[in-house]
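Next come two complexes, and both contain chain A; in the first it sits with chain B, in the second with chain C.
For the complex of A and B:
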């Protein structure tokens, strides 16, 4: 038996066999995608590390510096400022978007009139142009913008340009980004909420639990798998903050580096300053950082999974 | 055909399966059973919920409403607060398209979004079909590799990909890739998310039809092109819409590759405009509305396909 099946296998792989034809066609069909992934995704990981060990200019390598770029980076005050800003941004924005996203999910999960309309509306900022949304917020948060006019109604008169005051700039981007991304979080939570069976709520209601209590004692713990998934996705997204910071302040992270984030710094070093080796080192450090933080989250919470 | 466990854990599967079966209905099931004797509590609850809902809805609607209203005002009315325009005018739109180059930026955005979308649909469906249906050694391993690319952040790729486009590839291809649309399209020919969506959908199509085509003597490409691709309509629609939306909105790579104002896309145009003309609010809002409108239209028409891409796209930074 074994001998026959082995021979069969050999025959099936022979020249001109259907099996060989199918395999060759399969490789042909995936050739271009695999080429793109290998050249522009897989290879760049190694190439980034390689470049990061050189002083590298616009025309290519200048000088081998070993770990020199990383050492310089370690003593680079602006880089640390960017790390600190990114960390503060990430903590604040994740808290904001997850809270808001969960609240939105719970609200639109109720039996409501026009429920689909609300859901669609809350998700819209997540798919809209970040440039357009940022421009709109820049206007709303400008010195005589809508926000300051609104605050004036309550007797708080200010002409603070929120994005251009170093004490409020980063927090304004937190608000903008949290607002814009909470719709995505809402959808994740909504999927998880839908998977909780009605019987669980009925049991809680029969026990006489109030809505607020039911939420904290029943719903929230049952959303555990969704919490972990949402946290991982939100943290990865937050650490890569770029668009809003760039549009608000350009590549300089102004005012006074208060909006300088790690990715903005990387872009700045690569495209504006043409220090490619140094920029590559920033990229590698960011990648390792994201990798470690995601790993720690997995260790703490187990495998992230959407329910 | 059983899925490798790593694939099954990923959220896009959930989304695609929902898309394949019921679309919106998948997240639209009834929620609470009615419990008798609790009408009063129910009433209070309903009032609270509608109150919260209204506040949130205002929070989400006002920025968009405000941008549209402002874009219809003359500049003089933005100096002090007026909610509705006293003089309704489209001069800001006229201005961004004639005095400033937003006509060109819009055209540039359309060109790259259309090109990248066409490439993604063709290459992702062809590759997705191969990964779902054709048997070849190393298939699962290669597919894992494809999924792995989703975890590589763009920022790590910035310097090496830029170097490839500026210094390495032009030597072999004898073309300029930066600044050039070609360079941008080349690195965006196909995304792992598109390929993944297509493969998952092809896995749900029954084999019978395909086998009927084979019995009729159709080759692999013809079977794919004439039989399988027409059956994958919803997945093609999802990839089309998500790719178009992603490319239309993208800022990071266009900023890196289009370092020439004749190639600027709308998002770059908006960023630069704001940085130069800090207080031309009606124009800035008009440009923003121009960038938002196509996405609004797509969203209104094809809402359910956007949901399929939630996990694939992740949370934007």
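For the complex of A and C:
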């Protein structure tokens, strides 16, 4: 390839050149979204870091504490309990929702009767109000709720309040959240499944591959870009779990800290204790955690566009 | 001549102004009321509600205010949830309502932040007497010697007993801890609460600490020092022992969201709650019940739960807010509120509604459920530890030790 001289480079970007015009149009298109992104995403992150270095009240700064909030945070037993709960929740819920979402996507990608109905039905929990769904689940999982009555039919008689027993509370939220979000995952996988060429399946069929083998040897590897995207989205969502834990147990994260998640703890500190600086430190640590985990995922699964 | 006329006129004007000023000071509250009648505008009022009934009842009281002050319009907003979150956003945006509820245990968290307006200058200026208010309730809304709120009403805890279940078990209404245990045992042995439990008992220190006061403790709520006392240790042991011995269960363990629901559904025969439980029980027409004082141990002791009407430092219409506050917490407004809701008056010159003597009598020995500015930090630890004890996952001593550390860290 011939080297481009400095003169040619200048000419390409000369005022009025097509290349420059094209670039300017491009930048004009992204100006508004980037502006929104900067104002509502980047600025708050920077501001959260700033706030986290202060004892911060309702009307702003009270006292400069430097890294004091972080030092306290790293010795805060409840925070570490919240980190542990959030990590356990994320691992379990991502596994559940990805498995369920992929299975549903494969099912509704087949030629079925009432396929549109199933697609809409499976997707419905994702667009329904999280608060409403959680409220219904509180009844279903209560001591004398539907689940215990159902289990009783199989001889397992229990009056366990699933959301209010510290050994089952978090896992109950995993089940609820996994079911509720699997519709969105299904949608992502469905889009990816529909982009796989029919010819690939025909070739597999000619080679004598059966359905199960075709799925593992053809479909699953070809979904790799979708896997990366789904995992990143699912992990970030899981690490930010708040609403269902809050509705189930309130800001205390009980019983016995079993539903205390990092964002719930942030809420507890910010709203109930009015310690905005400390809460901001919790938020910054969570941000760094999510950033690192997403980076690791990228290293493990590669670029999203690599099939 | 003209100069002399001017001087005389000026002197007459000064005299008239002086007389008017003196008259203003002399008539005090009456003058303030008269001034209120002349005031006009819209005053914003924020509160929370547990249902439309309570919401409508406050609107009824407000109607009385508007009859008295026709030129003042009250814009009342009631929240079903997220009240604190909304208020914090309003405070920080410097757009708070003129008058609003402040929960007793939230007051020490908000007041050092400088969001509340001191009412002391208004009390002095308009001669609004705080004397009729119960001092303990009034002090709950005092900070550094200044008044920041007036209690709208209050409630202590009481013992609700299902009389049918007690009769079935051949038991009497317990008056002491020993009797409480024996009554619960009788209820259990006779299976008087089929599918339920003798006592509904929350894993909540806002219930347990009433037992601490009954046990002779007389200090500050949830302080680090209190956690080392024998009174707290034995009260906690007694309270949690009711779960261990199977005489009590937490509401979720019997499929209820709170004690009132469990009691109203006939899933327990005894529950400890405040007067706010009455509407729930009254709706359960098949439940025959009695409200009795909390069983005592060494002495009588109880907790007082109160909510104030307070004004914001950044309120736009402070005078209108003050006028509404003095009506709602005044004799007339409070009498109306109490007659409609059955809540307990926070003023000694307003009689409680007939039938609420059990609650009213606890005024002299009740302690306002309130801590310091980091009270929530302590309560988060305390209630989680209590639930761990209820589930048998930790001991009373370990719980008290952790609460002590949390209270120490919170400066309590």
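We take it that the second predicted complex is superposed on the first by the 262 of 307 C-alpha atoms of A that agree within 3 Å, B and C clash if a C-alpha of one lies under 4 Å from a C-alpha of the other, contacts with A are read in each partner's own complex, and residues count from 1 in each chain.
Basically, a residue touches a chain if its C-beta (ideal position, glycine included) is under 8 Å from a C-beta of that chain, and two chains touch if they have at least 3 such contacts.
Owing to the predicted nature of the structure, the values given are computational and were not obtained by experimental measurement.
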Superposed partners chain B and chain C on chain A - clash or fit: clash
Which superposed partner A:240 touches (first chain B, second chain C, both, neither): first
Touched partner set for A:229, first chain B, second chain C, both or neither: first
Partner chain in contact with A:171 - chain B first, chain C second, else both or neither: neither
Touched partner set for A:286, first chain B, second chain C, both or neither: first
Partner chain(s) touched by A:301 [first = chain B, second = chain C, both, neither]: neither
Contacts of A:215 with chain B and chain C, given as first, second, both or neither: neither
Partner chain(s) touched by A:159 [first = chain B, second = chain C, both, neither]: second
Dominant contact partner of chain A by residue count, chain C or chain B: B
Partner chain in contact with A:59 - chain B first, chain C second, else both or neither: both
Touched partner set for A:70, first chain B, second chain C, both or neither: neither
Part of chain C, among the options 3-11, 21-29, 57-65 or 75-83, whose backbone runs into chain B after overlay: 75-83
Set of chain A residues, in rising order, touched by both chain B and chain C: 58-59, 138, 142, 144, 271
Chain B partner contacts - residues on chain A that touch it in the complex: 19, 21-27, 29-30, 32-34, 36-37, 39-45, 47-48, 51-52, 56, 58-60, 97, 103-104, 107-112, 116, 118, 120-133, 135-140, 142, 144, 146, 149, 177, 179-181, 184-185, 187-188, 190-191, 193-194, 198, 201-202, 205-206, 210-211, 229, 233-234, 236-243, 246-247, 250, 262-263, 266-267, 270-271, 276, 279-280, 283-284, 286-287, 290, 303, 305-306
Residues of chain C touching chain A in the complex: 84-85, 88, 91-92, 109-110, 113-115, 203, 250, 252-255, 257, 374, 376-377, 379-381, 383-385, 387-388, 390-391, 393-394
Residues of chain B defined as touching chain A within the complex: 9, 11, 14, 24, 26-33, 35, 38, 41, 45, 49-50, 52-53, 56-57, 59-64, 66-67, 70, 79-81, 123-124, 126-127, 129-131, 134-137, 139, 142, 145-146, 148-149, 152-164, 166-167, 186-187, 189-190, 192, 195, 220-221, 224, 245, 248-249, 251-252, 255-256, 259, 266-268, 270-271, 274-275, 281, 284-285, 287-289, 291-292, 295-296, 299, 303, 306-307, 310-311, 313-317
Interfacial residue positions of chain A with respect to chain C in the complex: 57-59, 78, 138, 142-145, 159, 161, 163-166, 251-257, 260, 268, 271-275
